[in-house]
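Per-chain numbering from 1; labels A, B and C assigned in written order.
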Amino acid sequence: MAPTSEHEPLGPPDEQRSPALTRRGFLSKGAATIAGVSAVAAALSPLRNLDPADRPTLEKLLQKHYKEMTPEDKQRVLERIARQVEARYHVRPDVQDPPPLKGVEFVYALNISRCIGCRKCVYACVKENNPSRAPEIQYIRVLQMEKGSIDVEGSNHHYDPPQVPEHDSFYMPVQCHQCSKPPCVKVCPVEATWQEPDGITVIDYDWCIGCRYCEAACPYWARRFNFAEPQVPAEELNPDMAYLSNRPRTKGVMEKCTYCLHRVRRGRMPACVEVCPTGSRKFGNVLDPDSEVSYILREKRVYILKQDIGTLPRFFYYFDERGSRYHEPIAPVGPGGRT
Amino acid sequence: MRPFLVPVTLLLLAGVLWSQRWPFHSPVVVPPAAPAWASDPATVRHPTLRPDLKLASYTYRCSTCHNLFGPPPDSAPTARSPHGIVLKHGINARCLNCHHPTNRDAFVDDWGREIPYNEPYRVCAKCHGPVYRDWLHGAHGRTNGYWNTEMGPRERRRCVECHDPHQPPFPPMRVAPPPLTLRMGKQATQMERPEVRNPLQIYRQPAGERAAAERASGSVAPESETGKVK
Amino acid sequence: MRRYLTFLWECMRISFVGDWRYHLWMTILTIIALIGLYAYCEQLVYGLVTTGMTDQVSWGMYIANFTYLVGLAAAAAMLVIPVYVYRNMHLYDVVIFGELLAVAVIIMCLLFVTVDLGRPDRFLHLFQRFNFPLSMLTWDVIALNGYLLLNVHICGYLIYTAYCERRPSPLFYVPFVFIAIIWAVTIHTVTAFLYVGLGGRPFWNSAIIAPRFLASAFAAGPSFIILTLQIVRRVTTHHVSDEALLTLRRIVQVAMVINIFLLGCELFTEFYTDSAHVASARYLYLGLHGHAALVPWIWTAIVFDGLATVLLIVPASRGLPLLNAACVLAIFGIWIEKGMGLIVPAFVPTPLGEIVEYQPTIRETLICFGIWAFGLLLYTIFVRISVPVLSGQLTYRKRFGQPAD
């Protein structure tokens, strides 16, 4: 009886090994193979729950990087996106790809003398840019800062008093600063994020592989990742979309503030600027000497966050040269000098 | 029997995995819907910029009543009803500093000439020079519309759309909900100021560690935490 | 060509052959790996929300394990240097196990990076637009894959020539061995530079990270090899001399001392300066604003490292029991300090000062275990193949009765 091949001693081998297969050996090997294959199939079984829209298609595989797309490619891609959004949200969007305007470099200025921390900018941005509501993604984070300190470590992001502004605090909203030397662009391995000629750092959501290196690199914590499939209520969807800014994203890709690219490249203001009740937010073309931001950079006391890192952000905080808010007006003085 | 242990184990594993007995429970918390006012770009005030007074469903022009009366004596610092105006404009406590003494449908400038009611910024500019200069250049007050005036109109908000001229300090507002990100954990809603890396917290009185220590030792009478200006 | 295919078939055949202990070990590893695959498929369906990572702590266990394993892979060079550079022949017979470990471990590293990706279906984008030389991740991709190819070539060539009973030509493997020595240092330096180059994370933005990586890698890797060589000695007929183990012990000894010294440098710089930049270090070692989840871990790691160093220095650790204890302590201590003690604290607090702590989920842990199990499975298979082939028991001639040529 030839030895079964299950227990092969590691001593001197046979000179002539007969490959005789017993029935027992065949059955056990067959059973092992079948069991192995079915175990692997069972391990792969959660994939049957994969959302049909999520499955890899040939079209997605062949889609080029944004910078390599011809106008026809772009048209086809915009059509596809409009179709997908309509299928999912039952809202026909207007998906465009506005090119950058010439002679424009966008700069943002924020008056911390005036910001009261109401967070309306956060929610206006959310309404405009279609980020996920669950899990919640907000591009703007307002920091309540302790008086006397510029150290963000002592800041509070989760303040929730009955009224703002609170005593002895000032407020500093932070969003993507569209830096001139962006560390996020430097570290992206597939060039899914880059800086456009008008200064906005954009992401090609169909190119990003989701490695989150840019999120680790950003010194201002400005980039967000879609850990789950984004949930946006259909009635809150903003149908005015652009390829590089606020079209709905899928899970597994990065996103961030784009200065409302779809608005600003058509000459409008970003949503956060338009909603601020105190007028603390200022936006414009710094290459135009008559713009609001040029005036601010010339005349006001501006500073930037984390200057020592050397990112050269295009986001300036400024404060007015006189006192800021009065909580109690000075008591009126009558003609005789009496109060 | 022994050769079949491995296949049986693997088949058992396959069965357990295929049955998906442990479905994934998402930790995502659906935040409450954002309040509508939180993304509403309306200004805090909606002045008509007309010399009108709505009283009991009738709209009066200011001059309707004020042509009947003479100018008030200078010693009356605050206006009374029917306007219901409380004047707390700092040391600007005289109505006729802004309002024209004889034509109440207009304001008055430094030379006694009329300023039309729909140009209130010229009134404010009489005293608030630096802010007016900033406002003209766009550094103060909100701009809506288009940054690129070649593509559309730039809309500047005027003073009284944010500031009540009789009580100008911008009033405190309610705050929109704080962030509720994935797996955030418990976060403090109050500012914690325990770490004394901020010298201001040491040297300010009566708040700060020094005062707390003095209070604790009983050498200083307890005072309100935030001081006299609230 | 036909001979090569036969060789591959033989390798596959012999992987399924062994005594009951071998089958038990392989079945357990297979089960763990399959459970890990199941958890990963769930991650593909639901997204990375199945892990404990958040926008605040966006890299966790996967990158922690990846970092540790790159160190283990680099440590294969620690076997090669004594033999090929210093002509220390005690380790001559065991170099191949170090190289095989490097292959298995690099595959584990690549798997850890793949499971960390949000869109792994787009990995082909790496070949279409490659941000080299600016992005350190691209350097890492080249380094890791190059190292894998180098070691696969060296091991494959040596094993295949032994299978064919031919003398391996030095031209085909010795230059590659020397390249592999330099490349081993490169892979770990490049992995360190991934973190070091980020100005927004002051915990990482320090020059000492790269030397510490290498020191801890050269301590953990040879420790791992000491343990696996003893297992190889016990279950196979391959001869592993005690001198080989003692040479490795000397390497671990020196590397641990350097590691402890560099740790001391780091602790001094952080805590003597006590500036705002040390918030992450404070979080790790002392806790920050009441959040102290990592404090017991890092102090355990430091105790383990210290104990391991002391044990290795005393002459009693020339005996195997103490040596093994020191190796186990070194492996776990360095795993903690390099994995969780390096990756996670850099994200706490966030660059804006928010503190959100990280806790890996069950699915994330199962995927990590699955990849470890798969790597050990691969390594076991490699040892299972290489021992009979290199000792001359499994050759083409013996199998088919005629010489390979």
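Definition applied: a contact is a pair of C-beta atoms (placed from the backbone, for glycine too) under 8 Å apart; a residue touches a chain by one contact, two chains touch by 3 or more.
All figures in this text were calculated on a predicted structure; none of them were measured in a lab.
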Per Cα centroids, the chain farthest from subunit B: C
Leader among chain pairs (count of C-beta contacts): A-B
Distance between chain centroids, defined by C-alpha means - subunit B, subunit C (Å): 55
Chain centre separation (subunit A, subunit C; CA means) in Å: 33
Inter-centroid spacing, subunit B versus subunit A (mean Cα positions, whole Å): 27
Set of subunit A residues in contact with two or more other chains: 6, 32, 36, 39, 42-43, 45-46, 135, 137, 141, 151, 153-154, 157, 227-228
Junction residues of subunit B, two or more chains touched: 6, 9-10, 13, 17, 26, 28, 181-182, 187, 192, 195, 197
Shared interface positions of subunit C, touching two or more other chains: 30, 34-35, 38, 42, 46, 49, 54-56, 276, 354
Residue ranges of subunit C in contact with subunit B within the complex: 20, 23, 27, 30-31, 34-35, 38, 42, 46, 49-50, 52, 54-56, 276, 289, 354, 356-357, 363
Contact set on subunit C toward subunit A in their complex: 14, 16-19, 30, 34-35, 37-38, 41-42, 44-49, 51, 53-56, 58-59, 113, 116-126, 128-131, 134-138, 141, 194, 197-201, 236-237, 276, 279, 346-347, 349-354, 388, 393-394, 398-399, 401
Parts of subunit A lying in touch with subunit B, wherever the complex brings them together: 6, 24-25, 28, 31-32, 34-36, 38-39, 41-43, 45-46, 101, 109, 111, 114, 116-120, 122-124, 126-127, 133-138, 141, 144, 146-149, 151, 153-154, 156-169, 227-228, 231, 233, 264, 266-269, 271, 273-279, 281-285, 291-292, 295-296, 299-300, 318, 320-322, 325-330, 332-335
Subunit A contact footprint on subunit B (complex, rising order): 3-4, 6-11, 13-18, 20, 26, 28-31, 33-35, 38-41, 43-44, 74-75, 77, 87-93, 130-131, 134, 137-148, 150-152, 157, 162, 167-170, 172-182, 187-193, 195, 197-201, 204, 207, 226, 229-230
Complex interface listing, subunit A residues touching subunit C: 5-8, 10, 12-13, 15-17, 32, 36, 39-40, 42-47, 49-51, 54, 56, 60-61, 64-65, 135, 137, 141, 143, 151-155, 157, 174, 183, 186-192, 207-213, 215-221, 224-229, 250-253, 306, 309-311
